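For reference, chains read A, B, C and D in written order, and residue numbers begin at 1 within each chain.
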Amino acid sequence: MTNHQHGSGDDVVIIGVGMTPVGEHWDTSIRELALQAIKMARGGLAALIPDAIYVANMLAPALSSQTQLGALISDFAGLRGVETLTIEAAGASGGSAIRQAFMALKSGLAKCVLVIGVEKVTDGVGTDVDSALATSTDADYEAIHGITPTSQAALLMRRYFYENDAPKDALAGFSITAHQNAITNPNAMFRQGMQPVQYLNAPMISAPLNMFDAAPLADGSAALLIARADAVPSGLSAPMVRIIASSLASTTLALHDRPDMLHMSALESSVQQALEMSDLRLEDLDLFELHDQYSILAALALEAAGFAPRGKGWELARNGEISQSGSIPISTFGGSKARGDTGGATGVYQVAEITRQLQGLAGENQVADARYGMAQCIGGVGSTAATHILARIEP
Amino acid sequence: MEISRHWRLAKQRYALVGEVCPNCEHKIFPPRDICPDCGEEAQDLYQFSGRGEVYSYTQVQQAPTGFEEYAPYTVALIKLEEGPMLTAQLTDMGKRPVSIGMPVEMVTRKLRSDGERGMLIYGYKFRPAIAS
Amino acid sequence: MTNHQHGSGDDVVIIGVGMTPVGEHWDTSIRELALQAIKMARGGLAALIPDAIYVANMLAPALSSQTQLGALISDFAGLRGVETLTIEAAGASGGSAIRQAFMALKSGLAKCVLVIGVEKVTDGVGTDVDSALATSTDADYEAIHGITPTSQAALLMRRYFYENDAPKDALAGFSITAHQNAITNPNAMFRQGMQPVQYLNAPMISAPLNMFDAAPLADGSAALLIARADAVPSGLSAPMVRIIASSLASTTLALHDRPDMLHMSALESSVQQALEMSDLRLEDLDLFELHDQYSILAALALEAAGFAPRGKGWELARNGEISQSGSIPISTFGGSKARGDTGGATGVYQVAEITRQLQGLAGENQVADARYGMAQCIGGVGSTAATHILARIEP
Amino acid sequence: MEISRHWRLAKQRYALVGEVCPNCEHKIFPPRDICPDCGEEAQDLYQFSGRGEVYSYTQVQQAPTGFEEYAPYTVALIKLEEGPMLTAQLTDMGKRPVSIGMPVEMVTRKLRSDGERGMLIYGYKFRPAIAS
């Protein structure tokens, strides 16, 4: 294993983190929500003007009738004139924007990039939200049949249970763990925890997928101030965290086009690439913020990454290995499931949360002695996957 | 919305016309210009039989705009007997329970109505196979 | 002036170009349209698998109910699995995607990137198209008042005429030149040319802006295969062209928020940055593909770049300086005005056309001895501007 | 669409309430959290008089969805007497020709109707100034 402590000038480091609470922000517009996260991320560094601002978003064109979020948000944040654009890869938008920031910084053409994930779901109502979500499926051959990401996850779930002969509550542990971890996360939407019996009695929303198998879609914004090591200002108040690997991979957009849909190839290859880039092995990772928008996706993500053999991902949720003190903690602040799912902003929340863990600033959610964390967000039910590995910088 | 798109897709949606790769003989649906198996151009039309079996299924409770009148409805992944998989609704099920592996056949039905402009879109759904 | 012939390994070169005709492609879906351009760009280089595919698009979420174009198009093009995402900055999407490719290549994390601009306008009809275009304005404070980019251009035009006391037909030359150049461009939508009298008699679409002051919005796709010099395969059939400068800048999204709206600050600063990066002066440029979606924007772009003093951009269109043999040829294949406006794909068409010019493959549209060309596409009426400078590589 | 958004913006739209920067005294409309002039937080509410003049104007022939019933209509950039510029429709013009520099004042009118759900959205438009 490489020693990641010998830094060089083109190292990519996170120097500021901001997250708004996730929930229904009826009184807050998309620009205001983004600004809240930006202010936190820029904290005491207001004098540091980012060279570029990348906005990750998937729903604003449909739900807020708004494009050009880059210019809108940059100007509203008092950063008029900056290089800016919007990046979209559905639920993988956030990780994709971080990937672009990583490359911009590595190129040396930017010294400091601000990445903002923002989603304002409550600008839409009722069936319009479901339609907007369905745009991440194949419009011509999936959405036209009345399908949504939720029903696609249910199709995967039913097949998974059929092939692996899993018990009815096989996935319950993902929900229970996420809700447990959210209790102490002030940004989380659900902080009451949940019991196994609640899972068993939960109403179906797309059988066999029940209410606790799906994450609530809600408003939220997270921001990261990321810089090259040779451009980091002195006197930072919090420890820095390094992004040591970054990758983005895809597969078919349509679920039915995949030769083997229970094998999440984009997730697998993005993890392989990230491990190779970081020169780490899976065992070196202390936590894994995966995209648990649906319980089944958590199981499949663990399998694709290699933490469990095919068909056995659900067992990790049964025996405590994904809990805060387990062998591979996931959703340490509640994940999409209990923190709330913020669409295209998800990947930015994940990296922000891992940063808190590696800084040792995770409070009651702290994973003991966390040195390496991996984040993975996905677009659609596995069409795109962005994976990042972060490392603690020893003081 | 999108009138031209639905007109354009009518052949595939009404008649389940896909392609066969002239190189590797892989059958392709939905149609593509490049064979996903061998990378060659695949433009020979192929008429699918419309027979297949249920690979997975679920019941949609919360429908997107344009599908409210049908909810709840059952969507499925159908594995066609020629090989390809597709997404479609199940219809004409009566009281029959759905199951994985169940033989089904294609029928043409109304897929959705486009509220404001009143456009109706037709295409394939699948029902329990009457004979194999 | 720097000698741009001493290449180095991280030089960014264009090795493949594809453009579909612009028009109403009723029978072609967005994925098929993109594939047409990709096939041309990859030409004899099918063995070269790009490391990343960036899709530039602004209207698909609204008009085609489709997001995740990256995964959709990559898979359909036979490039399943590749790193891919969508970039949006309204009309500047195309140039923004090229900018991201430039940085990815400079970073060394990618050796070859495929950039695809695609817009499928005819998936929408009537007022839905105008609504989709209006999403590039400020939804809360502009679009809600019934404004569209066309009426914003008209507001700028009326004020411009008022302040500069310009004659009624001051901008006619932009249309006439563009239509003249399009006659010999097989990809152009309008190939009949036009006469001054047609401009004078044209119906107003948003007075004082007439039918010939606005570009027709239509379907089209353009693609660029871009590589690092150290990864270029041998035996290319066409000469290569180098991207020697790349920049992206912004200002306020809302027109009313700009302290001086006839001064296009994003356009100006992106040109300044590109000139500085290329170590060129304006006089060194042999052509300028600007974003002439509206005639007034052409005049303002020439002023912002420095080709004319404030309020005098229109005079360049009067005395032939923007024509094929003038001092600064623009819209050499018809521009958005006569080739057709393809929304987020525009910037990719522009760079593809400049490439043809610098390769000496522009046929009857050839600008004599073209060595340096500049492309600039803009989002909204000047909210975002992406500028690139390309150089011929001497054989 | 977007019911909560329009509810949220009602104060600005009905009453032309913006902000004044506590630092540089710049008047701000539309409202912002950060003063574009000096970069300070700007959150002191400020009631604009509603008087201003036409900076530019045009007539919209081809209206976006939701505005068809008003077309053709005149949109303008209005420079408020307190400094800021905004975008709005002109109304109650009668036969009076519009011109740059024309004094106008704010009134509240229906901005658009949201077809399917029948929601009406009200807000500021500007009419020729009756008295200055």
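Criterion: contacts are C-beta pairs under 8 Å (C-beta built on N, C-alpha and C of every residue); 3 or more make two chains touch, one makes a residue touch a chain.
This structure is a prediction, so every number in the text was calculated from the model and none was measured.
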A-B or B-C - the one linked by more C-beta pairs in contact: A-B
Distance-maximising chain from chain A - centres being C-alpha averages: D
Distance from the mean Cα position of chain B to that of chain A, given in whole angstrom: 32
Cα-centroid distance, chain B relative to chain D, in whole angstrom: 49
CA centroid of chain B to CA centroid of chain C, Å: 39
Sequence positions of chain D contacting 2 or more other chains: 5, 9, 36
Multi-chain contact sites of chain C, meaning residues that touch two or more partners: 29, 64-65, 75, 80, 128, 131, 134, 138, 140, 143, 257
Contact set on chain A toward chain D in their complex: 26-29, 32, 35, 63-65, 75-78, 80, 122-125, 128
Contacting residues of chain B [partner chain C, same complex]: 1-5, 7-9, 32-36, 39
Complex interface listing, chain C residues touching chain D: 127-128, 130-131, 133-134, 138, 140-148, 150-151, 154-156, 158-159, 162, 204-209, 254-257, 261
Chain A-facing residues of chain B, complex: 5, 9, 13, 30, 36, 55-68, 70, 73, 75-77, 84-89, 100, 111-112, 121, 123
Residue numbers on chain C that touch chain A, as the complex places them: 29, 52, 58, 61-62, 64-68, 70-72, 74-75, 80-90, 92-93, 96, 99-100, 102-104, 106-110, 131, 134-136, 138-140, 143, 246-253, 257, 265-266, 269, 379-380, 383-384
